[in-house]
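Two complexes come next, and they have one chain in common, chain A, joined by chain B in the first and chain C in the second.
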Partner chain A sequence: MITSARSKLKWVGKTVNRRDGWGKVTGETQFFSDMELPNMLWAKVTRSKYPHALIKKIDTSKAEALPGVVAVLTYKDVTGQNGFGILTPDQPVLCQDKVRYLGDAIAVIAAETKERAEQAAQLVEVQYEPLPLVTDPFEAMRPEASKVHPRGNILRHTSVSMGNVDHAFQKATVVVENTFRTGRQMHMYLETEAGLGMLDDKGNIVIYSGGQSPYRDQMQISRALSIPPERIRIISTPVGGAFGGKEENTVQIHLAMLVLKTKRPVKMVWSREESGVAGMKRHPMTIIMKTAANKKGKLLANKVKIIADTGAYASLGPTVLDVAIENCCGPYRVRNVAIDAYSVYTNNGVAGAFRGFGAPQVNFAMESNIDIIAERLSIDPITLRMMNVLRNGDKSPFGLKVNGSIGVDKTLVRAKKSRIWKSRRYYKSRLSKPWCKIGVGVASAVKGFGFGALPDFAAASIQLTPTGKFMVGISCPEIGQGATTAYAQIAAEALHCDIDEVYITSGDSEFAPDTGTSSASMALVRGGNAILAAAPKLIQTLLKAAGEMLHENPRYLVAKQSQIKKSGKSKNSVSYHDIAKYLQKSGAEMKIVAGYNVPRSDKPVQGTLEIPHRSYMYATAVALVEVNTLTGTTKVLKFFLSPDCGRIINPQSYTGQCEGAIAQGLGFALIEDAKIENGIVRANNFTTYVIPTIADMPEIEIDPVETYERIGPFGAKGLGEIGIIPVGAAIANAIYDAIRTRVYTLPATPEKVYNALEVKMASQN
Partner chain B sequence: MALESRELTLELSKNATVDELLNAIQIDDKNYIYVVREGIRLVSTSKLNDEDEILVVPPIAGG
Partner chain C sequence: MIPKVKVRLFHELRQALGQSELEVEAYTLNDIVESLINAQGNLKELFFDSKGNLRSYALFYVNNKLQNPPNLNMKLSNGDLLLLIPPTAGG
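Up next, the complex of A and B:
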């Protein structure tokens, strides 16, 4: 049972049941894909039949003639910029002259029924001229490769170096160089990309869609359709899972177009297969890493080449690459680094944001090399990590002081004391079958939260209701991480009231100012700090009103238990309820909007966009696995995770986030890889793309290290991503410990493990 | 003057608006730029005050 050190606080640090928990567990929650509106139309997208081709002609006449079809829209109906993408709007809303992957949208249809819309989507006739495919990112970088975009296939190339790696390699006792590859993981949310659109009574567009940022969605619709943002309302809560995959526009622009055209409510729900083809993926990466240490185990140098397959469009590929660069040396002091990183366009779907944002891939490489070095030097892997790990005051591999609280050394201590680690020899001796081998592996991780050196801001509103309660407006959607409950805890603490007197409205651009996105492990920090900016201002209003009511100087009044009272033992007090009535009668303002500019580093590391982050989360994981040497199957038996995510706001949500991250990390490590062959997605539903189920889950122990993070609300950091980052490496290191041969490509499927065993046996013979 | 400039001190006329600020720093695509004061987005007609620190943010996201 996790507890928090913040015992003096009333709400923060205590387990409060999730506000969204009951509805989701019982199925009562209506997601947008469940909702229907009177007179509603169904929408369907006609997608490309080729992964790379020129469009010669689009004929919509047969689709338009189909009874029940109300609208068939093409690129001609895009009234603004025919492109979306948060950073680089290079993805057509509807393709005009070229398609770059099978998910590309060519037409969007509204019809009276779902079936009729699907039928019409098939009747849109497109003449294509196929182009040579670009499916291998290495080949894509060659000058003679077919170009996915006119400017070439390299979306971004960045090199960062510090110190002198060549000199360090010459001095080193151990140098290891390996090539690592990671899979194309899919988000596989329970709710696929979906939404409803309608016009309100003023003719403004209202979009209900479970995205991760209502104001970014509003901006993208505005840009694509040349409509003022204030005429677009986005409602983004509840979300049936996102994990980064709904940070980009999905259904929103198409819904807005159809609503404007038909003047009727329109609903669009991507099928599971459509989500597999058109939806976002985790970047598959190839990482060539050469790491050196001296004979005592001190890390001397790391030379890294990263090639990320970003697919057909940029989305957040440029910043995913930055996070991979920032994290490729792990949470360690490494003085000499040379990093060369590429994000490359191909015809392999679209890759973008996914929990971890480039960090799990490079962590697998670095933590594998660390274990190899430890073995070569006969040093215990936790001891070697402890020797090199970042501590307060240390500089990062980029030569800058690491800001924020650093508790990664403590997470390693917890890992060393964990039951799995302490009893590893016992576990390894207890084989269930002679052909099943037991192994234990460890991995540490780091990741910044927020947008690093990029500018960022957040605002919240708090309104005193006529009954003396509080309505808090936050635009970060509740994406299942428990943010709404944490906001209520923070608000109740700051407003000195009961948590049941706080209502949270999240994810609605009409009722909340721009709090930013639910992404980058930042929703808690953005929203929490914005509440903490607004609450004192509202309390000042309450004190002033109470002073008038009690004929007291507000300076001698305090807020406590939903009342304003005179400090000391005086019983002279007035309730928030009475103050609300007083303020309402006097016509005074009862709503406060306040915000803050998110602290960031002074300037980015040269050549990068968002390195360094202002503060970081850390974690150490330990995995206990059983590998069946006859089948190559790996079963994770136990898993230990010690995160440093600052102070804990809600232990229950904290545990949930960690367990969810481990489950998703287990898929990344062992199972999940959306195979794309010749541009065609081969695994696009739960039959062909398997994710971990309850049967795959190990026994989990979470042992948090609480540090106090100055830039977080009540000392908290982010939490959403750090748990997933070390999972792949810890499991891979455990597999090695079990079978003494290493897997360099994730997911470590039975085939790969079996092949590694075969290679080992062949080399022994 | 462009977005690459990370910090800039500007003298604007009294009661200058956000729109005038964006003109001064030659931002054409005004609809998709966030102008922020103390964490709160401003609209094009918002008045600026002496000594205001203003954040001008293009559409960005990171991780």
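Up next, the complex of A and C:
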């Protein structure tokens, strides 16, 4: 349980009921995959049978002849740019001459029933010429490797260097060098990629779908089909989850094509297996990291090589690599860095955005090396981190002064005072079974929120209703993170009204201006600041109208408790309700749209796209684990997380975000890795791809450090991602503490832990 | 005759100019960028860095084909369609 330190604010900082809670717990809020419309068709995609092949011929005649089939579309029906991708549109909407992974779409079908659509999808005959596979990113970088794209297999290579690492290594007391690997985590949302499309009465396209940015989905459809954006309305679902996996286009363009062709409503729902094959994954990374410190524990240098398997298409691979670069030195002062980073095409699915966006992978490497250094120098691991963490006024490893509030040192203090850390010797002495070992591990983390040095813009609208209430329009969708509740709290505070007088319209491109994306831990900051830009303008309108009604100078009026009143003890006041009626009668504008540009660096660090961010989130985690040395199984018993995410807007949502991040991080650390062998996804359902359940969840304690972030609404930062970032490293360090041998590859499955124990025993003999 | 080009705007360009599509008389891509900046001065920062270099992340599509890198002196023809897409991604 957490409580906010503020008391003067009426709504911000308080636990208020979740706006989306009632509808979700009663089942009133529908998944789009459960929605049905009269005369609705079902859609199905014909996907590639090969992970890498040339297409020699596509024959749709048998599918078209099947009774009940209404449309079979191929690349010939893509009327605009036959490509999608947020950064680089290199993924075909429908493939024409080549397939690069099993998820590649070749045809899209609409039929009267789901079964007919599935049957027809199988009847599309495609003649392939298989090509050599590229499944290992190291092999993919060799000149002789089969090329996934004509320009080669390296999507992005960049190097960033500061100081002189070689000189620092020579001066160092301790130098550790290790190779770390991380798995291919899947998002495994409650609802797979799904949506429903239709034409409205004006012939415009309406797409209901799980997405993270209506306006970006609108742009991708507009670009692919060469349709003006105002003819496309996107409505995003508030249920089903996303975690980054629905940032990219999934069903939207195919649905738009089918509704234009058939003029009927069309529904598409990817099966769980299809989601596993065609959906996004977290980038598996290999990180070779050499870290040095002097005898007092001061970090001197970090040399890092990162190889990210981005799969068949770019999606957000280039910027995921940037975040890995930015975070690979952790939240520490390191003067000498040399980072060499690659994002490499393979035929292994497609990797893209996933909560943490490249940071959990490199955090595992850095925080493991930090622990090894602490042990070599016989320094307590929290003390060593405390010596090196960034503080106000410090420069980052990129030589730039770190902006924004920095509370990472305070999160370490909280970690040191946590029950797990203080009582670790006690816990370690209480073994449940002689063959089980207890360990405690710590890890700290950093991540910027927002798009860093790239443009980042958000707009919001606020409309005064005829009854004196407020309709707030925000397009970045509620995806389960609690954003709409936070928006209502911020709006009620800024508009000086009761929270029940604020309605939030979220995720609908027709009723809200472009607020950007629900991504990069930024929905709260984007939407919140856009509301704070619009609210004062609307208050000015109210003050002016009230001045006319009260025959007072607006300068001497104030907004308070849904009224405009004369400042001081005067009882002269007029309610928002009456002002709304007055404004409506006079025909005055009752809607304000205002925008917010996220402050950013004009010039990114050389070799990067978006470094630095304007502000950062921080956290420290402590894990208590029990390792069964006979089976290699690790059980997380307790978990402590101290985040610095600025001021807390809603303590309940804050706790929920942190707990969800820990659960997903636990999967990354111990269980989840989508096996792809020879381009074929072997783990694509809940039987073959296991995620943590309530039985795996430890006792969790969240102890936030509240700093005041100047660019955040009421001092808040982002929150969605930071909780997951240190989880893998904290658990890995705890495993080492338990069994005194280290795992260098996540997830730390029983096999890997058992093998590490075997190697240790063999070396001791 | 000066070519008439249809320009389709996305994201903050659309917000800043208050419309998603407009028709511009322009010989080159540069003419269009200049006319947008003339209409809304703060768009200059979106297209150009402080040294006046075109930012790499602004995407220009002429007749559905990505211009990579964009050549601002590219000649335009009557009836061309230009899509202008500022970046909307990062992490």
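In this section, the second predicted complex is superposed on the first by the 763 of 765 C-alpha atoms of A that agree within 3 Å, B and C clash if a C-alpha of one lies under 4 Å from a C-alpha of the other, contacts with A are read in each partner's own complex, and residues count from 1 in each chain.
Just so we're on the same page, contacts are C-beta pairs under 8 Å (C-beta built on N, C-alpha and C of every residue); 3 or more make two chains touch, one makes a residue touch a chain.
Every value quoted in this text rests on a predicted model; they were computed, and no experiment measured them.
**Student:** Under the superposition described at the top, does placing chain B and chain C together on chain A give a clash or a fit?
**Tutor:** clash
**Student:** Just chain B (first), just chain C (second), both, or neither: which does A:Y596 touch?
**Tutor:** Touch status of A:Y596: first partner only.
**Student:** After lining up the shared chain so the two structures overlap, which partner does A:I722 touch, if you call chain B first and chain C second: first, second, both or neither?
**Tutor:** Touch status of A:I722: no partner.
**Student:** So in the superposed three-chain picture, is A:I86 touching just chain B, just chain C, both, or none of them (first/second/both/neither)?
**Tutor:** The answer is both, since A:I86 touches chain B and chain C.
**Student:** Under the stated touch criterion, which partner chain does A:V165 make contact with: chain B (first), chain C (second), both, or neither?
**Tutor:** In the superposed model, A:V165 contacts neither chain B nor chain C.
**Student:** Applying the document's definition of touch, where does A:S519 land relative to chain B and chain C: first, second, both, or neither?
**Tutor:** A:S519 contacts both chain B and chain C.
**Student:** Look at A:V320 in the shared chain and tell me whether it touches chain B only, chain C only, both, or neither; answer first, second, both or neither.
**Tutor:** Both partners, chain B and chain C.
**Student:** Once chain A of both complexes is superposed, is A:A530 in touch with chain B (first), chain C (second), both, or neither?
**Tutor:** First partner only, chain B.
**Student:** So which positions on chain A get touched by both chain B and chain C?
**Tutor:** Residues 86-87, 213, 216, 219, 222-223, 228-229, 247, 316, 319-320, 322-323, 353, 357-358, 450-452, 454-457, 459, 513-514, 517, 519-520, 595, 603, 609-610 of chain A touch both chain B and chain C.
**Student:** Where on chain C is chain A touching in the complex?
**Tutor:** Residues in contact with chain A: 8, 10-12, 14-15, 20-21, 45-46, 49-50, 57, 61, 64-66, 81, 83, 85-91.
**Student:** Going by the contact rule set out above, which residues of chain A touch chain C in the complex?
**Tutor:** 80-81, 86-87, 89, 213, 215-216, 219, 222-223, 226, 228-230, 247, 316, 319-320, 322-323, 353, 357-358, 450-452, 454-457, 459, 513-514, 516-517, 519-520, 595, 602-603, 609-610
**Student:** Quick check on the complex: what are the chain B residues that touch chain A?
**Tutor:** 6, 31-32, 34, 36, 38-41, 53, 55, 57, 59-63
**Student:** Going by the contact rule at the top, pick out the chain A residues touching chain B in the complex.
**Tutor:** The contact residues of chain A facing chain B are 86-87, 213, 216, 219, 222-223, 228-229, 244, 247, 316, 319-320, 322-323, 353, 357-358, 450-452, 454-459, 513-514, 517, 519-520, 530, 533, 593-597, 603, 609-610, 721.
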